[in-house]
């Protein structure tokens, strides 16, 4: 059984279904990347995995435990961390407070983790007394990822973490993601910078209209000319 | 229709010594640059370099702390956004600003200004004219939607679109009118790369066929490289370098501040270090002193 | 504002259904408590609907939270006093010139201050403006006070004010709209830059100021002493005249009606006719406007001002436009209400009744929807009136299981407050089961 | 048959605390008549309450309308505040030919308002109270006062009539400032009054409204030591809340001495409410007057019995006091004239309003004591 | 001497009363501001919540008085206050369960929440009146004055009186303590920060493991406490009357907004701005002038504006502040 196993998810926002029996699995320490056209339901699938969307069918298990019925904050306690695509910072709290909030469920001392985040994103240290709402787009994105890292999750879910960040930071970010995965944390992320993402992915999903279209290793997907042409921009 | 009046090559927008500070912090710190008429100018730079702020000042969202902006030689510093729109200056937002309770199609149809139906009097006594106008608008909106591959969503409330779809809608709005210059703030972020290529084609087409001038902020260097000439690099509120995309990508200071040395190379760490050492072409002379400062940091 | 809205439950039959319910309620009232009462409720309900329509234009179309409906309503109510009351003999001669001089001085002072503000810079500017305003204020008072004293001295127990022009009351309705629009223009010029809740509280305050003026400027409208006997608008007759007219009595009797009852009903029907005509015109105008590019533009501005501005829409001007128009409609309703009541009592303007209740009407009806405002206006007014009747009954029922004595007594004595409880419960009920109103904007 | 009588008072709104005792006063009279079984050969009388809210003319009109058209009352005891009363009179009573007797609307304007002979009041006009108060103050040797009034037709009307009378008689009013009822704070008003000075402060307000706030502020800051209280202020609450703090202050209220008053108090106490509450007695009288007039006219039709009201109130037959309504009904039935005195020594003048006997009170040792009647 | 008399007059009639009133407004505004910043709507039921809380405190105070329990020189009501807070907080939690919770779930627009709060206002309005009636109630016992006019005159020999009521002192002291505690709580404690996080971005708070129900509950409890404290202090200082508490809503909102809504410090400052402008700008300077210029007897009151327009004054100030500083004196937040 995979570490995260979201199988046959079907559901949507009320009217028509967005997801059609979509399945996502991630092993321990593995990086799984979801790619696909805009509006394919990638974010929706992420939300479904995190319990922010009620599923009509399908179930989600984490480490063998069925968590389909749990609320998002309970999933956080089970070791899941999530960076949403939009609205992913606390705008009128300072950068530092944003990070603190990431560590909300932790009872231990999180100063070390915070240092690590600052190391990863030096600009955040500089701006730590500034409200996140006043940051530039890319800076915010860094805060968002930093916040999720503060949780020290066992499964980290990232919805387009590199949208709007500069190449140098993007590299750093991917770098760090690899490192994180190496420590045994599972990563599930949605990316539009698909080529770079698949490069580091152990597993890739191509989602189209809420259903799994291709599933393979990252490298294999990159090599597939059809996938390249239709989804990765040639 | 606007563009014809101007000779290609003259600066459309000239920014002189622009400063914008928030509290004590100078987000734009004495930037000077020009955007040539008929060009697709790229604007890149590290996160927080002040690109969006620069856009916002030019587009009249923020008042500048000091400095001047001209368009076609006319001083437009501090004009209100709607006045700039009427001068043919359009922009998109980095964080999509759709009208959530309007349908996707309505989001497009509301764009053109001076619609007869926007005058109350006409809504009561000028129904005929409005009907004609609306038919034309509808047609145009549907064309744009087709182009953006989201025509199946035309009656959906814009608030329900996915992140990328909203971005497309942003772009679509600029296509509803004859613009002189369009400022695009990260149209690509969150947009599928295949679609982004299509968008790129559209930009080129608008530029070639309709004479739009573009200024594009983007972090995707493929996209920048394919589309933009020249490329302006900002860092810490100033212009760091300027030149063709190829030149810029080889600029030491730019690599250090912005591009980094590339992921692939990092994975194979040793090779990267060497490769970087070789690419030592020195700073481009664009705006020399800024470049120097950029390097010095 | 959140993006996940409830799935719109509006179907084609929804509106007709609710209007049918409304009609049934009114008919039921007519059969059970008499047509006078039913028509009375309907008339005031339609007036409320007009007020709600005005507020809806501001809130529903443009997202401007005007919490000062009361002020514009009251100001509109001044029009019948100034237009249709007979002039007070000698009052104008005694104080008119002085008052006009005073206003002239005030305008000059304000213009001078504005001019200085625009043309001077530096520290001097603030000082100069303050100085001009203070001096202006004292000169103004110098001209104003004696004039007011002279007017107020004329027959104070019955008049003591300028009086009106003695023109037909119908003329005062558009004048009421213009008065309110004028005030709204001034308010809009200064306060419309404010956002959401701030505009709300600013307008709330402005409404208080307007009512304070009406209460305290005795020379204008007798202040708290009230103006009585404001003439009715054409073609509404007086009951007494009807009862004294042999023709009418004969006709009523030939229909088998008591002449007195017939007279009161005739009067109410005449008002009803007027109100329906006004409402019909307004709804035609607003529906046309709303379902056009203008309406689309307003909704866009409401959704996102920054983006609308970037799309070339002059947000400030549009806000001003809709604020003035909406206020004009409220002022119109104010004037109509005064000519229905036949008296102007400035003390009766309180925010609960004339601002919040109207907002409740708009929201319950469905903001952004003109028909919703009408439904909300009539329905909520019906409830507001009937809650006063139902309250004691409900209370009596509630109290019945308790033994006679202090507690039961206390409950029964508290019965009038049931009105509030019933009102609150209905409001909460509607909002619970149809949060976007009974007739949601589609 | 059952005769219905409207009891239209401001049960909610700014004067909600005065209304219950007034309603109970009126209902006391109604019950008395009904229980006697002597009205029109055995008719019962039922009170129907309506809420005039005191400030909302439209709601008051609607409430009046309901009373007349749906409850089919034969007369209205009310309304309470002058503004609401005028509205109901003009919009409901006159069109429908309904009799209204208000126990408490005291605005001078109501004296001259055309009413088709349908409107009466058992309370005197404030024009009269102003005079009485002026005399009273001057007799105490106080030559200069500060004046504050509640900002409505009652307060302003009373203040104006007082100021005029007082000045005419040689007194000085240092300031005449309005205060709004029900507001949170009266420091500004107290400060102005204090600055203007004067030997006493006249508070033409309501005890459980702004009047109390002003009084509290004036006492606490030490701005004034002597106060003059007109009707809206004189009540048990005043004594309970301020007692010895206002020793030496005085005031007056429409009320009369003697038998009627005492009898009413006893009845009220027995019925479980405070008969000294302002206008409670007037309410009793208003209801009683109307019922007695019905008997005299032998009809419950307002257009018929309205003409009998003055006769009952001012007749020169036997005096009828509270608790004696049955006797009154009998006498009328026998065709004998009666003079209804009631709780407040009812005597209607002019257009049908109380002539105004006033009880003058003074605070001594924290207690309100009646000094004299005038 | 006359100079001192003039100063005393100003202190007695302007500074002391305005300070106490300002503190009362400030406490009310704190509650409004808290709900605004965390639950994101303007709570029109706040005035009636204050009335309800105070009603409970009064009932309990009467109970204590009947049992002969007192606090010596301090009002017994202070002893009853904690119990009143518990009951009011419970009511708040109940209301939230029955009413507000649903709207959060469906993510209703703020204005719907405002309307809902108007509905709650109507209901609470009735509830309070059922509970304790409509009459004016004085429940102040203990020592009324710290210094009263007579003592002052005997002490100083000045002709101008100066009084200081114990309730004024209690009000100001409590206001300071409350705001300090609240500020510390929101800015420094984990729960406080989680409340701010929730107010900023509800979804993200969820994703950080913050329990929204807890945040909401804590918010309502604090609001209930603030309302009860504000209402009780106000009632002690002036008197209790249900209707007045509804009327207080307007100046309370004005205070919250002048200061910058959503900002606790702003609420405090706003309270004082409103109270001082009401009392100060309509002050009649006659007395002071007569002290300062002994030979001049002004025939007017030397008053800039009559008190008729005192509300106009405070609202004009409000509007001016908003025009020149659109987010209030201290930066507030806009939903």
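Each chain gets a letter, A, B, C, D and E, in the order it is written, and its residues are counted from 1.
Keep in mind that, in the parts below, contacts are C-beta pairs under 8 Å (C-beta built on N, C-alpha and C of every residue); 3 or more make two chains touch, one makes a residue touch a chain.
The chain list, named the UniProt way, goes like this: A, B = Branched-chain amino acid ABC transporter ATPase; C, E = Branched-chain amino acid ABC transporter permease.
What you see is a predicted model; the values in this text were computed from it and never measured.
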Co-neighbours of subunit E and subunit B - touch as defined: A, C
What chains, if any, are shared contacts of subunit B and subunit D? C
On a C-alpha centroid basis, what's the spacing between subunit A and subunit D, in Å? 75
Go ahead and note the Å separation of the Cα centroids belonging to subunit A and subunit C. 54
Whole-Å gap between the CA centroids of subunit C and subunit D: 32
Hey, how far is the Cα centre of subunit B from the one of subunit C, in Å? 48
Residues of subunit C that touch two or more other chains: which are they? 1, 4-5, 215-216, 413, 417, 419-420
Among the residues of subunit E, which are close enough to touch at least two other chains? 129, 133-134, 308, 311
Residue list for subunit B, restricted to those that touch at least two other chains: 160
Please give the residue numbers of subunit C that touch subunit D in the complex, ascending. 32-37, 40-41, 44, 156-158, 215-216, 223-226, 228-229, 239-240, 260, 263-264, 267, 337, 341-343, 345, 347-348, 350, 353, 384-385, 388-389, 392, 409, 413, 415-417, 419-420
Note: in the complex, subunit B contacts subunit A through residues 22, 44-53, 94-95, 150, 153, 160-165, 167-168, 186, 189-197, 219-222, 257-264, 266-267
Spell out the residues on subunit C that touch subunit E in their complex, using ranges where they run on. 1-2, 4-6, 59, 65, 190-191, 193-198, 200-202, 204-206, 208-209, 212-213, 215-216, 351-352, 356, 359-360, 363, 367, 410-411, 413-414, 417-421, 423-425, 427-428, 431-432, 435-436
In the complex formed with subunit C, which residues of subunit B make contact? 59, 61, 80-82, 85-86, 90-91, 93, 97-102, 106-107, 109-111, 113, 115-120, 122-124, 127, 130, 133-134, 157, 159-160, 173
Once bound in the complex, which stretches of subunit E touch subunit C? 36, 42, 44, 99, 102-103, 106-112, 115-116, 118-127, 129-130, 133-134, 246, 250, 253-254, 257, 261, 308-309, 311-312, 314-316, 318-319, 322-323, 326, 334-335
